[in-house]
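Next come two complexes built around chain A: one with chain B, the other with chain C.
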Partner chain A sequence: MASSYSKSESKKLATWYFTVAATLFGAQLLFGLVAAIQYVMPGFLFEILDFSVARMVHINALVVWMVFAMFGSVYWLLPDETGIETVGIGLGKLLFWVFTAAVTVVVLVYLFIQVGPADETSIWFIHEGREYIEAPRWADLGITVVALGFVANLFMTGIKGNRSGIVTVLMADMIAFAGLYLTGMFYTDNISIDQFWWWWVIHLWVEATWEVFVGALAAYGLITMIGAHRKVVEMWLWIEVAMLFGSGILGMGHHYFWIGTPEYWWEIGALFSALEPLPLVAMFIHVLYDWGKMQGEEAAKGQDLSVITNKPAFTWFIMNALGNFLGAGVWGFFHTMPQVNLYTHGTQFTSAHGHLAFFGAYATILIGMMYLAVQGKNNIKILNNTKSSIWAVSMIVGGVVGMTVALTLAGYSDVIISRAQMGATWAGYFDAQATTWLVQGLVWRLLMGVVTFVGFLFLVKDLLSIGKATHHVR
Partner chain B sequence: MVDEALMSRDILVDDFLTIFISSTLVLIFGGFYVGIYTAIKVKLLKNWMMYIGYFFWILTAYCLYLMGSLMHVNDFTAKALVVAAIGLLLLPHAVYYMQDHVHQENEH
Partner chain C sequence: MATKSVWSDNRFWQRTAAWVTGFASVLLIWLTFDTSAQISMGTDADLQNGVTKRVPGPTVINYKVTYEMNKKRQHEIPVIGGMNAEGTSAFQEKENFFGRDNWSEEEAGALLHLGKLASQTKNCMNCHTLLGNGAYYAPDLTKAWLDPAWGPEGSMQAMTGKETKEEAMAEFLQNPSQYPTHARMMPNLGITAEEAKGLVAFLKHLSSIDTNGFPRNFGKIQGAVNGK
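Right, the complex of A and B next:
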């Protein structure tokens, strides 16, 4: 059912989305480095690009590049899955330019205007002040229109073409993904109510709809790259969807422990958070199981060849299974119970978890999709690794893991001193910030951030040049 | 002193490291358990290795117990942790059961 790149406008549009996604990924890393330097040298770029601005661009670019790459992934796989060209591709292209232009203007405003008067003007034209989704309201409305157009294309194509299990899951998931964004758009001056709804976007995106999206991409990747049986893969996908939504939706309780919501969220959060790692373990098995099974089938036929048709992409998919398990699973679980979260929330532990979970669960598989697009665009039957592919994956993964370990050590010091010993007081906070463990942890985080950025440069070089290498099977 | 509805008493400063390590090991040992189970089913490991797999599940359950005890969790959270331990024990069996049936339908 694979559709060729040259005949598919949808696949061309996908590569546009991937290009902007990779650019924004670079911006995310660059502004992350600026913020990391400011932790170590607080005067760096003071009153030019303050920490608050660098951090805002860092985490908003993270969300936006992933959304671009997710849209690109859907436009890439739709013709393969449905057997037809994406319906409304002209609208899709128009919306791509609208989205790209809106993001460019928003970033320029973040960088050059930075703050506005504390009234409605700021909310409409500068930023809303909600972490991760700080786009001003005009851009919010634009993003909503773009998302609705994208969902319409997906639905029209799914209804007209062959509606596989993967497409059905994506249709349900993307409508939830777009709908949930609306809950982060309205403003209230009660911080508890504001946070209550803000978490509907953040948590229900990353721990429900995005995880399901990753499950769908993993299913598509396993079919495409190792020839896994569709029926088997899609059954896995449905199990994962049930488990992810079953534990993930009410797992939101772990964000409601200390924001002014009723105490029953402690119990709901504890129960569902304890169950949340289970689907992540299942997703990990899923990839290993299918890989082992398909390789075993080849061996039974007397073939000693690898079943993998895109080695760099498959490496990133494996990193996804492992990274999701470690970042979202392990690093999430050890501070998710309310009893211990009382001491850990808002410390560098959260930052350690955030770095490894976003990277492991999402960045990895989206980079893998970019390699699938490179393979399709260059009409390559078996895409092999280059030196740059290996340097990219080693340095990016090594860098992010290094940052996570450094932040975990810093976070431990933060928890013990500022919370356990000094009871979450201002004095405790400042004492913790001055400890050797925390200070050195943040220096190591910066160094590992540099390693990650160099790895990103290798990644860009590889994505641009791997298609021209001669050691692939065409 | 925190609200007794959440925990019976505060966590001791010296217990934090054990709590973090044991909660990390919950998923690491759990991962070994399901990994060994899966590897046996795809015939990468021999059947007798399953005893080692179950040993890892026992370690997982112990780490959950240790973590919960040191956190002084309330009754409800203790029950939630027991449910999680049983869920992890059954998970690979249930998934493999369904998986195997689909494979058989698909291949025969």
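Right, the complex of A and C next:
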């Protein structure tokens, strides 16, 4: 490696970010379990920790752990890519503590204050009540400062050191990522305008800038783990950026079908969001193709050893290629056409897509980055799987896929009974909730959620102990 | 020997990515200007002059709101103040809202402001969906104002023992766990009488937004489904 862990403060900072990220991932799963139990046993923690609070923590912990892991990933790969130590690392460390402290306070307020009176003070200090970006306004401002500091470090390092294609993509992507957050910070009485700009943050994060970020991580991973050729990988990365932004930016139209916005978004949203799976197919093929190619080059030399230098990380990267395509691509495509979305919008079907997409597209590759950090920290040349690595990936992937299948089946009931037949009324909603498919689907979702959580425990154990195992090549 | 092809040149693909991204962004920004103008909130004058807005002004609470199939658009649209010959809003028929149909622009605006703030601070979206966005633990509220359950013959209005839809909704919002309809209940969120009034105004206003026919067939189908 160009820059070893012992000499790089940037890599040390990365491991801090990964540690908090993994902790918040655990919180996300725990509060997800609470919400899943409430679907099955509605009295569970009623008026103590209601579904609305559990779910708010569930989805906020999700977003924040991913942002932490994304920052960590950049701090990890920067010294390798640029060949220098990250500029402004002292500021980076300070901002890490500010960010961690702010998140802690926000979560404590969510849990112990929960709701406030209908005034601006609640919006400033409790939460904003806007799904995914509920963080109160003081935290919004804090997050903006932290994000700007992070972007400044990335830019200063990219300008001073060797600016590879991967670093160039990250610089452009992260400034958009930080800037877009600003569009979700204001208050308006007009709910259509509110949701219009809310999607600028949510959609342009998860269906544009975050996907490009994943493309850059995959490129870095292929070079680092199987020795793929940089020229080829970076050319693919640029093609992916063109495809992701080309489809994803205007694909935003699929969120503008029903929120008061004009009809032309039907056509724009349908066309561009239908193209969104294409780059995900391309990424999937690219990862598998490069793996086969590098292994083939070894075989041609008469070697039959694996080219992979980090088995668990590479497994998670492969899960990312597959999960991104299935969860974001296929499950998204299922309901992206307005004529389908008229009935599926806001049902358990959406929930099925949300679970597999966030997991497949982001959780997987970020867990892979954590394994790369464990390898670097312990100065291991080839990191092999342990039993826990295999249990972790099997149970987490199996659990999330199981939840997705259960929610998809529940979703069919929801769509057909509550929407298509009953027209989305109060009575129609509860008729659908009482159907066998939906009731049993949510029981299976809970069981699969438990499987996922047990997998998470294996993951934590593995991340903490795999570096000490003796079967690696040092 | 052939010269190197542009198709395998990283600079070429970098420029392609920049151009594609730039083009998509410019188009999005241009459409944002058009959409923003179309979804800006209307005024009381618009309602009085019969100007249809996708998002009407707050004084829409003084009018009767329904959700009717429109022949031209081939989906349901909100109809404000009764229907005219073209099947769109006539802006004529008024309706009492908490005993009055003459809420001024300031009064109605203040009520909507309070209601929208309450919808956020009470975290409605983490159980319900609004315009179809949010959580799926409780019914969609986009057209809740028009739900037959809250109407004069509806079970919800009867349960609260109130005379009007708005009073019934406000009563429920203040004491939701006193009126359980299913094992899954709405928790008490400390909603005051004034906040409840604001929330009901917010819901009535929400139902008057033109959502391109979402949700389909709202409140039109009643009766046996799934063997019930």
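Here, the second predicted complex is superposed on the first by the 473 of 474 C-alpha atoms of A that agree within 3 Å, B and C clash if a C-alpha of one lies under 4 Å from a C-alpha of the other, contacts with A are read in each partner's own complex, and residues count from 1 in each chain.
Here is the rule we use: contacts are C-beta pairs under 8 Å (C-beta built on N, C-alpha and C of every residue); 3 or more make two chains touch, one makes a residue touch a chain.
The structure presented is a predicted model; accordingly, all values stated were derived computationally and were not measured.
Peer 1: Does chain A have more residues touched by chain B or by chain C?
Peer 2: Result: the larger residue contact count on chain A belongs to C.
Peer 1: According to the stated criteria, A:Asp189 is in contact with first (chain B), second (chain C), both, or neither; which is it?
Peer 2: Only chain C is touched by A:Asp189; chain B is not.
Peer 1: Tell me the contact category for A:Leu94 with respect to chain B and chain C: first, second, both or neither.
Peer 2: After superposing on A, A:Leu94 lies clear of both chain B and chain C.
Peer 1: For A:Ile239 in the superposed arrangement: first (chain B), second (chain C), both or neither?
Peer 2: both
Peer 1: First (chain B), second (chain C), both or neither: which does A:Gly329 touch?
Peer 2: first
Peer 1: Could you look at A:Glu47 and tell me whether it touches chain B, chain C, both or neither (first, second, both, neither)?
Peer 2: second
Peer 1: For A:Ile159, decide between first (touching chain B), second (touching chain C), both and neither.
Peer 2: A:Ile159: touches no partner chain.
Peer 1: For A:Trp426, decide between first (touching chain B), second (touching chain C), both and neither.
Peer 2: second
Peer 1: Contacts for A:Ile113 in the overlay, against chain B (first) and chain C (second): which applies, first, second, both or neither?
Peer 2: Neither partner.
Peer 1: For A:Lys231 in the superposed arrangement: first (chain B), second (chain C), both or neither?
Peer 2: both
Peer 1: So which bits of chain A does chain B touch that chain C touches too?
Peer 2: 231, 235, 239, 263, 266, 342-343, 420-421.
Peer 1: Under the stated contact criterion, what part of chain A meets chain C in this complex?
Peer 2: Within the complex, chain A contacts chain C at residues 35, 38-39, 42-43, 46-47, 50-53, 55-56, 114-120, 122-123, 126-131, 134, 165, 168, 187-193, 195-196, 231, 234-235, 238-239, 241-242, 245-246, 249-250, 252, 256-266, 268, 342-343, 345-348, 350-351, 414, 417, 419-431, 433, 435.
Peer 1: Considering only the defined contacts, which chain B positions touch chain A in the complex?
Peer 2: 2-3, 5-7, 11, 13, 16-17, 19-20, 23-24, 26-28, 30-31, 34-35, 38-39, 41-44, 67, 71-73, 76-77, 80-81, 83-84, 87-88, 91-92, 95, 98-99, 102-103, 105-106
Peer 1: Quick one: which bits of chain A touch chain B in the complex? Just the residue numbers, please.
Peer 2: 229, 231-232, 235-236, 239, 263, 266-267, 270-271, 274-275, 277-278, 281-282, 284-285, 288-289, 292-293, 296, 325, 329-330, 333-335, 337-340, 342-343, 412, 415-416, 420-421
Peer 1: Would you pull the chain C residues touching chain A in the complex into a rising list?
Peer 2: On the chain C side, the touching residues are 8-10, 13-14, 16-17, 20-21, 24-25, 27-28, 31-32, 34-36, 38-41, 54-55, 58, 109, 112-127, 129-140, 142-144, 147-150, 156, 177, 181-185, 187-190, 192, 195, 198, 206, 209-222, 225-226, 228.
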